[in-house]
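Chains here go by letter, A, B, C, D, E and F, matching the order in which they are written, and residues are numbered from 1 within each.
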Amino acid sequence: MKLGDLIKNPKGFKVTGIYRVSRFEVKTAKNGKAYGDCLISDQSFDVPAKYWDIPGDMVGLFQNNGLLRIEATLDYFKESPQLTIDGVKIPLQQDIDESLQSLGLMATHSLESMYTRLRTIIAGVEQPMLKQLLMHIFVENKTFAAKFVRHPGAVKNHHAYIGGLLQHTLEVAENALAYCGHNARINKDLLVSAALIHDIGKVREIDIDALGLPVGFTKEGKLLRHISLGMEQIEAACREIGVNEEINVILKHCILSHHGMPEWGSPVEPMVMEAEILHYLDNLSAKAEQFAREEDKVEPGEFSKSYLLRRDVYRAIY
Amino acid sequence: MKLGDLIKNPKGFKVTGIYRVSRFEVKTAKNGKAYGDCLISDQSFDVPAKYWDIPGDMVGLFQNNGLLRIEATLDYFKESPQLTIDGVKIPLQQDIDESLQSLGLMATHSLESMYTRLRTIIAGVEQPMLKQLLMHIFVENKTFAAKFVRHPGAVKNHHAYIGGLLQHTLEVAENALAYCGHNARINKDLLVSAALIHDIGKVREIDIDALGLPVGFTKEGKLLRHISLGMEQIEAACREIGVNEEINVILKHCILSHHGMPEWGSPVEPMVMEAEILHYLDNLSAKAEQFAREEDKVEPGEFSKSYLLRRDVYRAIY
Amino acid sequence: MKLGDLIKNPKGFKVTGIYRVSRFEVKTAKNGKAYGDCLISDQSFDVPAKYWDIPGDMVGLFQNNGLLRIEATLDYFKESPQLTIDGVKIPLQQDIDESLQSLGLMATHSLESMYTRLRTIIAGVEQPMLKQLLMHIFVENKTFAAKFVRHPGAVKNHHAYIGGLLQHTLEVAENALAYCGHNARINKDLLVSAALIHDIGKVREIDIDALGLPVGFTKEGKLLRHISLGMEQIEAACREIGVNEEINVILKHCILSHHGMPEWGSPVEPMVMEAEILHYLDNLSAKAEQFAREEDKVEPGEFSKSYLLRRDVYRAIY
Amino acid sequence: MKLGDLIKNPKGFKVTGIYRVSRFEVKTAKNGKAYGDCLISDQSFDVPAKYWDIPGDMVGLFQNNGLLRIEATLDYFKESPQLTIDGVKIPLQQDIDESLQSLGLMATHSLESMYTRLRTIIAGVEQPMLKQLLMHIFVENKTFAAKFVRHPGAVKNHHAYIGGLLQHTLEVAENALAYCGHNARINKDLLVSAALIHDIGKVREIDIDALGLPVGFTKEGKLLRHISLGMEQIEAACREIGVNEEINVILKHCILSHHGMPEWGSPVEPMVMEAEILHYLDNLSAKAEQFAREEDKVEPGEFSKSYLLRRDVYRAIY
Amino acid sequence: MKLGDLIKNPKGFKVTGIYRVSRFEVKTAKNGKAYGDCLISDQSFDVPAKYWDIPGDMVGLFQNNGLLRIEATLDYFKESPQLTIDGVKIPLQQDIDESLQSLGLMATHSLESMYTRLRTIIAGVEQPMLKQLLMHIFVENKTFAAKFVRHPGAVKNHHAYIGGLLQHTLEVAENALAYCGHNARINKDLLVSAALIHDIGKVREIDIDALGLPVGFTKEGKLLRHISLGMEQIEAACREIGVNEEINVILKHCILSHHGMPEWGSPVEPMVMEAEILHYLDNLSAKAEQFAREEDKVEPGEFSKSYLLRRDVYRAIY
Amino acid sequence: MKLGDLIKNPKGFKVTGIYRVSRFEVKTAKNGKAYGDCLISDQSFDVPAKYWDIPGDMVGLFQNNGLLRIEATLDYFKESPQLTIDGVKIPLQQDIDESLQSLGLMATHSLESMYTRLRTIIAGVEQPMLKQLLMHIFVENKTFAAKFVRHPGAVKNHHAYIGGLLQHTLEVAENALAYCGHNARINKDLLVSAALIHDIGKVREIDIDALGLPVGFTKEGKLLRHISLGMEQIEAACREIGVNEEINVILKHCILSHHGMPEWGSPVEPMVMEAEILHYLDNLSAKAEQFAREEDKVEPGEFSKSYLLRRDVYRAIY
């Protein structure tokens, strides 16, 4: 059940389900015995829980697993719900992925299907060197590919879930393809390649937990940010397969300038047409998802106060 | 011939063609006779010209016609070319349109074909009230439609030619349709409607000459700008056919917010998802054309210094 | 008595007076019975109150009436005062207005006297079309006039009380008249007219409760703001009585530009002398009231930390 | 005659009048003789002039006198008018003042009448210490008073003429008095005193020539600006007559903050109500004069492009 | 002992030491007797304390002395430590200074040794008038010198402790000397003099308590800030000993411009080379101390979130 | 002779010396023969020159050599000096360096002595890995070292001459060492290393001519800027000699952040103490040289209008 529905039930109600352990600490009760003090969460709610007389082997289980199958009893403290944990189990791997999705912690499309779409886009690139470079990065380097497919696209906010980076990348690349259908001036292969690599630095910038969920920034992520890291990755990949200077420089420029202006993180503004288009398509993907999230919080005809967008969002009736 | 090719010819060379009279003044020569002092222009060059002993009836012809069929003789003054006009004629209407296009003063697509695309887009709108509103504005109001089809999209810079407003409007609307193909959350009818009307205030904002070319801003254009004027036009159209309050307010909001932020002319930021998308698609169309113009000025591998974009533009080799 | 004086009294003290119910909710007590949980407020203090075993008909009374005559008994919880409500009555209409004023929720000058001043200013306008327009808006349209006279001038901060919009409008218009006494260049009729209409959009922008007190922004207020709404109202009024184009455009420009610059909400800066003067007089009225409010919070020689003005305000001794 | 009317006359026309010598240099002609090469100006026009075979004693006259009675003959060089000087005289003192006024280089009101208005305002101040301070600065210190009365209010732009500082000061102070008539909260004596002294630092900031016209900034004017200089002058005056600390600090704060915010030159924003009001009244005076100057350049219904205001100014027909 | 170590001890533990009384109030207990309710602080921790049945003479002691030798017993309330005061004594003067230092409330170098360094720097100035001026301010004016030596350099953040102003001043002046060793263009005497006086206005801007610790800003500090106050002090000192105009103006310019730009509090940017250098050296001293404080909060390899610097600070391992 | 002194000489005067050919074009004279049209420059002046009947082999000489020994005859055209070239020679290498220096186109210190100072600084680094890295970059990589030693530090403005990059680098590094003498908290080796490498990207960013003088930006310089290029160079060097991750990341962070904030070109602000110090020392070096250049243009007591610094610079008398 959704934790947000807990308060519809009376004290003593029995809860079972796979939830996230978003905080966990071992404390000592007044009787001198150890107990687990934690926060159990899903997309809808966070509820404090106590695991009295926690067995020693359970401690590690709580510490190392973001997601657990929990059985608990509902109680109330000053009108707020809290849980007493009766038992815990490690969920099956297949249940975990389902749970992550139902908890809103994984992309709505399957990772496999998204990766297929990625390879289809690469297959459509005609310029041989660009195609070779994309194959090298996203297909042949299997370690990186596996990481890229699961990585979140952000620490918070839009695309901050497993597979979020891939989903955002696909949105930008597919919109790029659609856009090229209406503008013959664009170098399609260049724009699509830039779209696919523009955020690869996030794989090194965003730190993840055992589940693959974002927990903050890495050291190099904080000190160098994903734009510099992505340029470094492209430089290395170009060197490895001998990409020519022109492509090398332009792709790095596309990464460097894709935030559009210095105040937004790009020290140079886009100076190549495809870099400029990429900047807008990147923004389109990010903003569309942010608006969708705000709309989900309210009914048609209502406003949602968006902290992230720094404005109210109105969900239109029509 | 292109005026830019004049300098390849010797003194005494005879020139004939339809050109623009971009400046004209009647002056008195040392012999006491009136002569016409003017600037003859095409896309490639501006060349000063003198019409000695100009006949009285020719003066009006120069003053009232932006485009004339000119016969002239080439001369040089301090190594710069100048023309002595031998004769002038009013060009045939069909020649005028051809000339405008070859001078880069008219949209590259025919106005008829673009207007057909506009009606096709309107025909695809399903929400009945939005469709009725668009029909009312762009089809039934024949005076407005005729104006809209020929109006320039700007005074200078991108889309500043006959049919430029329609061309820009179509770019935004067709990209909107393409974008909706990849984002099921968007209300397609709303986005397309907003795209079609977002710049209609420009019909009142931009002042045109007899040829239909932009010559500056109208009084209300300067004092109120196209955003306020467009909102007023939509308010009037909604009133005329009884559009409901929700659509009325949202469409006006889309116009009001489409420049994205106060510094760029929109006192409110987009608060409706379709308004946000519109803002980016509008920018995409404007910037893509600006980059294309800069690219046209240089060879692949070179930079063009763009005054308008306030940066250098690089024309990629790949 | 002022609620701020409650804490000077012991537990069991009896309180009677007309106060505002600023929050109200029906809850269920431990004994299973319904009780009213509310916040009773005046200008000086907010005190929580409980109405045990609240009778059913009293619930509606609390929900629909912002102002009630309350009898209650004082108690203390952790040294903070709270009230137990013993009885409630709907106050007489004449008492309500008095109470609103004493609670600082209504303009200090009577609404009638302010409306008389408004009509006197209109009577002094000499240009016939401007006078006719002002009569049409503020006198002949009785529904609008009644609304305008009582409307608050803001949701929070300066002029956020009943009659606040009229009071602010009069301040600006009367200062405009005084200013014209020292500057013969100004078109007095134009400046005064612009002063009277500059904020009329607030009637549609600010949402009010049954008492007429501001509770937030309306939907169109949020999406379009009072500047756009006011321009629409002037456009409609001008159309209704056939005001000429020059006056129509200038008045709309005065509204559009009166916030002075894009960052402050005006997409165009004032381009007409009277619009520029209006901008400063509008600011003068707003800032003078904000400073007065801050001064009221402290003694001479002290500083008040103003959240709204983002600075400290010093109340001078001299 | 106005120099702007010169071009209506034929070559050989004789010109006589008092004009400004805005540039002067002694050069050597091809015949080896010295001649004076200068620019003769009035409000309407600048015309180059040559004084062939200039007598030695005339050189000093040209160098030391901004204003001369000139007799000259009109000539044309490439259709532009130029003058050959036939004779020069030092104008009578009384003619100089008249000429300055007709040249737009002196305030339109007489300096005496403006000084009388200044003393009248001071006479109306009731708080004894403020009155004593103002008397000390503007009346008893005769050297300073004489300087203040004639000083320009700016190097360029608004109030940049003899008596401009006094005229601007009076505008601010008289508007302050008018404003106090509608706002009983204001400390009238404090506001008026602050208005009278707010720009006194300009006497030290702006450098003047022999005629009293602004020629640039002084060294301390550039390095310290009039706000710091004015504070120093008030500090000295307060010390000299023993003004108490409260008045001393507040008056200096009014000077320090009267530009309103750091970007406009005031490191602190106004924190005292009268300082805030002063800021707006100061702006009102400056902007009203700037708009008036722009309006003077065009006919009703036209726009003037204002470099100073960074926008177009529209001169309304109504 | 450090208060931060209290929690390592059990209830009933006896504490003795010199601590700061950072808040104190006399309240009435349930038994009707007066007790002292206070907050006892050192650099590491703030702990609430109660002094039951406080003797009347002890009240004044608590009110007038920031630092007291306290004997108390440890207790716990909801797992948080609190103290019951058993006895209090005024510490010896020599103990006070030691305690201040160990509490981080006084400069780490002795005030005497720092004052000696200050005089050594002055002794090294060769230009006689600058040397005389510095001697006048920092040595001969003994009252000012004594104040300057102990004054804090800020209300919060960097250098906000006794002797902080002197320590910051020395850092800037000594770095200035070091810098001159590598740049022969600099006027060493001028730069060093400007360094020594740049912040003297802080003596009047920052308000201190009996101990000499910063408690906020003075009235003139808030209304005029230390830059204006410092200029006034230099103007007075220059007048007193007859310093020439050039030095007077330049030194005041150095003070006025040392924050570098309007947004940072300097209405003029540095226009003299030494003023520019001073601006950077001042920043270097401030920022270096802020970084040091952030580094102190974490271990090598960790980030500290700096509210003051508005960024994370990383403490490098190397 | 200095070209600036040409005008002191009469027509026909013979000039000999080594000058820069700053513009050169072959044109056809009226007699049909080829002539060289060029601009001859030194630090003091640019003078147009004509080389009539230029021999074919001389054309290449003019095109390929920035610096030539020129013999010419002085003439005047409309009072402006111009030269007729009588003969040209390629100067000896040793003369070229002398000339560059006297023309202000080469660092004032010898390149050898500066390179010695660089190696001395490296020799003083104690941390072995940092020392090894610096040796690898600046000593062992002889091609790079040779380039670095001669490279200009900018295209225009400060340090825009041969050896300018090395001179600026030394200024920053030596000031860093001096600074560490007064601040024990700084990691000297880290700060000095960061100082030495902070601008190495300029070797790839700035394009030079045959003489080694800056002529603009390279393609990668425009598209990626020296910060990104420098990071790439450090990444490569670290990889080559196996520098550990911590040093690698911090050095790249120092480069990335050394412009201090996004608006100035650094997408991240300094987050490591040494990076922050570097930012200020870099600015100090740049600004000190800019001020020195402005001071050189005027006499003590005068102001120089600095286009680059966007303010006037005052050269103090003391």
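Please note the rule applied: contacts are C-beta pairs under 8 Å (C-beta built on N, C-alpha and C of every residue); 3 or more make two chains touch, one makes a residue touch a chain.
These numbers were taken from a predicted model, which means no experiment stands behind them.
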item	value
Shortest chain-hopping distance from chain A out to chain D	2
Shared interface partners, meaning chains that touch chain B and chain D	C, F
Numbering shared by both copies at the chain E-chain D contact, with half separating same from different	same
Angle, in degrees to the nearest 5, of the Cα rotation that carries chain A onto chain B	180
Centre-of-Cα separation between chain E and chain C, whole angstrom	46
Centre-of-Cα separation between chain F and chain C, whole angstrom	64
Contacts with 2+ other chains: residues of chain B	219, 222-223, 250, 253, 271-272, 301, 303, 312, 314
Interchain contacts, given as pairs of chains that touch	A-B, A-C, A-E, A-F, B-C, B-D, B-F, C-D, C-E, D-E, D-F, E-F
Contacting residues of chain A [partner chain F, same complex]	219-220, 222-225, 227-228, 231-232, 235, 249-250, 252-253, 256, 262-263, 265-268, 271-272
Contact set on chain B toward chain A in their complex	127, 130, 171, 174-175, 178-179, 181-183, 185-187, 189-190, 246-247, 250, 253, 269, 271-274, 276-277, 280-281, 283-284, 287-288, 291-292, 295, 301, 303, 309, 311-314, 316-318
Touch list for chain B against partner chain D, complex	219, 222-223
Contact footprint of chain D on chain F as seen in their complex	301, 303, 312, 314
